[in-house]
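My questions all concern the structure below.
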């Protein structure tokens, strides 16, 4: 079972990284600003998942903290960006 | 990993340098951001790379230093990140201040004829 | 991988399945983001990442650490809760921003949201 | 065993301004006078502390004349050690004096044009004092940043078009310089495995070949950062723009900031590369020498080419920086005392000049000045006017006198301290083994002095002898601060023997790194109280 | 007592400067009395100096370097002191009447007295460096005196020229004197004078000689530096007569006399000094003839006579030295009187133009007589003092070059001929018919104004008729001081029999008269508007053009070697970096096998990060938002790298910083101008731009490459040091925290952190101050396009409507609900920082982010009406808490920032560890919250201000 | 609850959150949780204009969550299938309008959460004129089905839970 676990940990790790790559492609090609914002938000989410996966890979619960922080912080810039797109300024 | 990180540092720094040499203040700001990423990673790399050995002494008893990543570069990078954050903010505000007062976003505060 | 060997087989199996599923979903979500032709379609891609993808991984993590440490480790619930609190806002904000941006663009003769819901006053 | 109050003197120059800055921050911006008084009081206290340090350091209160303060009670290479030796003490006194003059100068006007002047001013002092005291490379970086951040704030204080343009330049260049500082620092740490300067000197001879190469790379990059700050050609073009734009009190402090770069280079170079045992003996000396010489030339030409007071002063500062760098590049231990004399003297002169500029501008009718220049260009057989003199208003006469004094110091003309500095440099050069470099240096200094003389005279004539002068509206505080600086220049001249003695002792300190190393690394921590905690 | 000679005039100068502008008499009395007392004192000193005693006064100044104040009076110094003070006294008297009542004389007398002090300093210096100091002081005071009528362009020009030349000479002199001191080993004059042999034999002799000679020749207006003196005539006449004939210009020859025992006697000395002197005397005397300005004539005559003295000194014979001293004295006497006479003429007629002046004898017969006698002395007419020294000169000139070589004698006679001619030209103004068109009708001047001239002319006569009685002792005394045992017997007598010198004198007199007559008849001397033959030797012109050349060269050099633009500066800095790093990099790179295995995931991650960075670099100009997002992508990858590589603290910090930076930049982006790519505008990019870009690309690639190499080097080395073991082993046991990085930050290296939060505070204050005065550019002052679009129903609404019923109604519920939880998590990160990743900084930024979301949702006005965060106070208190925590250690006798962990045992709650570092971290937290909020809020307020206020008040001071 | 607990549910959440974060029930942390749960809402209450929701039918809430959880998972696979296998140009992605009766903001928030968490639908906004929800559907087959489903399965329970009244 442990080899399966090892494999699936590796698999999910690669999956997350590939997801990051896909999001980056969208981030790079856009074409519209909302596409890029969406891609960046996905990148944040993937980063959160990456932290979780790393934690599991290393059996270290410390990575949880990073994931928590990403969840709580990452959306802020997305909201700010979306608001910027919608209103032209972030704080009115 | 070492090779990857080295190339990454080079790419970040190089992109930053390119941007810092550009005429628009926003480009310079972006360049400074990228350069500081590169430099931070560079400082970090002087402690060499350690995977899953954060300098947290969680086990009781005398810690064996060989089990932990070098904490000093991390502390230095932390300070550098904070200072970099502050200076980025400053440059940003200066940029818009300059844009407001000079009407231009050129780094010299005036457009040069090319 | 410190201590993963000590994991009971059932837990390892559950965790592995969750991870495989989650990993697959995550990739598919990002794939959607990358490959779907329009923004209004692309925005649905990451949604599966944040829900089922993240959910699987979080549960896997809970199971893994609970069985590793032989006590309930459930603080991942917090992450789930925060995802539930943040992801909808993000989606709403991006979506509305995109819609009105496109509407403004359509007024200037560029494409825009399809359908009857969003029509310009003159349309 | 515990520390006596006097030992805390070493860190007081950092804490006083920090606390004062924080306190001033909490006070409402409308209470100008209160803020000014607090600021001035803190400055006075700093001056007192600095003088006390100077006296105790020189008076043998501390072993070997080196006061070591282990912040956080951690032994030297690991914790951050603050060290006050004669040189640091001197720089501290200079800082406090200059700051006092700048503050008094700005009392009526400059401190009020924007918000938080006083806090920023104190923070600037904290940065400066810290940079002079710390003997840890990274801590030096931090204090540099404190100093620079405060100087950005002060430079932009009450900003206008020129100031913000200059700010863009100054800040961008310094941000890049800060990054280089970090890169160099990281390389040095990677190679030598320490950040403490004394420890660095200890470890340097023992480094393996590969590490030594790495260290050299680090030292090279680090040097660029410091040379940018000390405005060596071609790294110092930010300086004329910045000096020209800064408000006078800030410009006066900027003069000192340029010297901080030189100070650090001097200290590190002597510590690491001048010793016979150092494997990198003489590292970069030729670069400093050539760079210094080109900088002198650039400064001299710049002064000749200047058409505004600010530029004149700025190129003067470049010139003096170049002189100091070239001296370090000469790698002659005899010269250090004289170089320090030059540093002090030129700092005082330049600072006085910076303060003066604005007063002169204020009392000068630009239209008339322009007329005078044109007249000069097209003049010759002009009908001689009645040979009756035109009186110079008292304010203008005072300014003229101060201008002359500053000019004498800057150009190194007798009888003020600039000349003594020049003389002592030449004397020490001649008393060593004569080499072509020495002669070239003397020639460069003399020629640059001549260029400065011509430029300053041209400016003085156009300003004070132009018919467009109006009576200056001088405030006593403004005049007094310039006068104090000049008086110090005079005192430096009159007391040259005593001052030079002190500087020679400082220089001797710098030439005996082993004693300094022994003091820094040997300083014991205060043991924890008996019986555990 | 010697210093009083210098100090008294100096003090008097200060007093004079402080007297009111109209105190003409008081000034004159002050100056006169001080000078007179000095003169008396000097005269009295003859009782001691006359015995051959050398008077000394010493004061240590910079003894380490052999620079001490030494006053030394020997015969030579005594004679010169006497001359300076004697003429000075007469000039003071003269000036009292010469200067107009409207002149601001305090300045004049102050400078005059200061000059006198400086000149006496030169004369009395017993230390060479001190001599240079006084030397330059005479230049400075001379500059001020020439420029006394500073409103006149000629005065300005003359002053600058004189000062430039003499100060430059002074610098040479300094160098020379220092060389001399180096050779001798002392700057003490007595020591130097005794070391002549050694000096002349030294390798550095020639350099020393040339440098010192440059000093002396410039000061004494010798060819080719003579040109400044005629222009110095723009000074008031008393100044001309005092400085530019009698004293200051004599400083050069004084120096040559003084150092004669040390430097003379070599061919180099001879050719240099005699050569310059000969050229000068011929040129000066020839030029003098063709001047139209009385003072100009006298100036060139002075130049010529100084040349004569120089030649005498160059000759190298002791008698020539004596003659030189004698002529110095004589010239001082007759030339001062001539200048005064010229001044009187100028004063009385209002002009000095000899083309207009005629028949002045009729108007001022008495003055005319005096002037005629004095100019006769100048011409070398027997019975007058000029004759004696000139004859000595003729005598010495014959000795040069042996018996077959006459060039010097010919030159001497030619100079004599010219001298007679210009003297005739000078006195020609007294004869003929008084013209009616003079600016003023001349009268005899006041009696006291004439008195100095009378006295000087009387001296001319006395010396001329009874030299042996009047001047010989003093002259012998001075000569002995210079020549010591080699002093020749000086036999001053009117009649030495018919000999060659006498014949030469007669030849000169007769020839001069004839030459003048010829010139008047055939060359139309009065109409001659330039000097025949020699007008091309125009020193002043060369000076002017070389100065303007210098200025233009300087401008070009600065333009070429400097820049005031940012981009070239940064390019240079980075090029320097590339060069230095390229040179110092070890080639080939010493690379060890990598200790950490490769990982595809890591590489892929950096493919992302790197691509984002590159594309951001590419897009930052025209697609700012995209670039910002791409940089965000790089930031994410960077944080993940930190997390991966065992630096959780860094990852957390990077993440929060990333977010706050993004929000900050977004807040700023609104104020930047719209920028469309040239393609969109249908423009071509010029070739130069491509070139520049390729160059920058090259630099970027090089620096990036070097950086990559350096990091690869660093990463693959064997880690040799174990510096951090200290921290790892003691963090928990002595620092009281298990998170070593945090312990480093708040304990081991807390001083860094203190500095760091200060930086953050400073930046926040700066940002705040900057934004208070922010004024948006006209094209971005309007609300952004989305807010004015008719498409969006939210466009016309305010933030309150948005959240009450508008598009933010639902998001607001979430975001407001999130606030307490974010704050809680911030508290969590703060509390655990010392032991686990987190800490005050991360917590502070989190708190700030939580707050900023509320600003985004509710709008600034709404939030601040409910929750006013006193950002300044937070910063102030945070700093104070951090410092106070550190200071707490003082109370227990420990250094600043020494930490202490209190272990408190509470019932029920168990043992609590309360490290003092925790309090320090609280300070960090507060500063970070305060600073971040201050920046964000200040930025966000700009939008409110700029379009909610009427246009005129857009820069209101409230925030 | 009034003065000391202005937002009781939030306080509860905070206390729970704190304990979860620290994964402990140690007395010190219990005390700290209590303190924070009281202090933070007290401090931040001015920024929360809405009172905590009153849950009229907690059980209905549970059921709603359960139902939508199942729906979320189902939609997840649906969307994955479309992304992987469907022809993207044949997708009928459309905006639709759903007239809403739900006015309670917490209710609306929860509705948006459920809709947005369900892959394939994204909440755009509530169109102000007629209080209609604008929704984007990834692959629309039957608009009316969507409208009815949302009104029945989601809005109706929500109205009961948050507004305490039977749905119209």
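Every chain is named by a letter (A, B, C, D, E and F) in the order it is written, and numbering of its residues begins at 1.
The working rule: contacts are C-beta pairs under 8 Å (C-beta built on N, C-alpha and C of every residue); 3 or more make two chains touch, one makes a residue touch a chain.
Because the structure is predicted, anything quoted here is derived from the model rather than measured.
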Interchain contact steps from chain C to chain F (minimum; 1 if touching): 1
Chains contacting each of chain B and chain D, listed by label: E
Maximum centroid distance from chain C, chain identifier (CA atoms): E
Relative to chain A, chain with the most remote C-alpha centre: E
Result of counting contacting C-beta pairs for A-B and E-F, higher pair: E-F
Computed distance of Cα centres, chain C from chain A, in Å: 9
Distance between chain centroids, defined by C-alpha means - chain C, chain D (Å): 57
Approximate Å spacing (C-alpha centroids) for the pair chain D, chain F: 63
Centre-to-centre distance between chain D and chain A (centres being mean Cα positions), rounded to whole Å: 49
Residues within chain F bordering two or more other chains: 17, 21, 112-113, 123, 125
Multi-chain contact sites of chain D, meaning residues that touch two or more partners: 138, 142, 145, 149, 152, 156, 159, 168-169, 172, 176, 183, 186-187, 189-190
Numbers and ranges of chain C residues touching at least 2 other chains: 2, 24, 29, 31, 43, 45, 50, 73, 75, 78, 82, 85-89, 92-93, 96, 100-101
Pairwise chain contacts, counting only pairs that touch as defined: A-B, A-C, A-E, B-D, B-E, C-E, C-F, D-E, E-F
Footprint of chain A on chain C - complex, ascending: 1-5, 7, 9, 12-13, 15-17, 19-20, 22-24, 26-27, 29-31, 33-34, 39, 42-43, 45-46, 49-50, 53-54, 57-58, 60-61, 64-65, 68-69, 73, 75-76, 78-79, 82-83, 86-87, 89-90, 93-94, 96-98, 100-101
Sites on chain E touched by chain F in the complex: 793, 805-807, 809-810, 813-814, 816-817, 819-821, 823-825, 827-828, 854, 858, 863, 866-867, 908-910, 912
Touch list for chain E against partner chain A, complex: 600-601, 604-605, 607-608, 611-612, 615, 625-626, 629-630, 632-633, 636, 639-640, 643-644, 648, 651-652, 655-656, 658-659, 662-663, 666-667, 669-670, 783-787, 792, 794, 798-799, 807, 811, 815, 818, 821-822, 825, 829, 836-838, 842, 846, 849, 852-853, 855-856, 859-860, 936, 939-940, 943-944
Contact footprint of chain B on chain D as seen in their complex: 138, 142, 145, 149, 152, 156, 159-161, 164-165, 167-169, 171-172, 175-176, 178-179, 182-183, 185-187, 189-190, 195
Chain E residues touching chain C - in the complex, by the definition given at the top: 785-786, 789-792, 794, 807, 810-811, 814-815, 817-818, 821
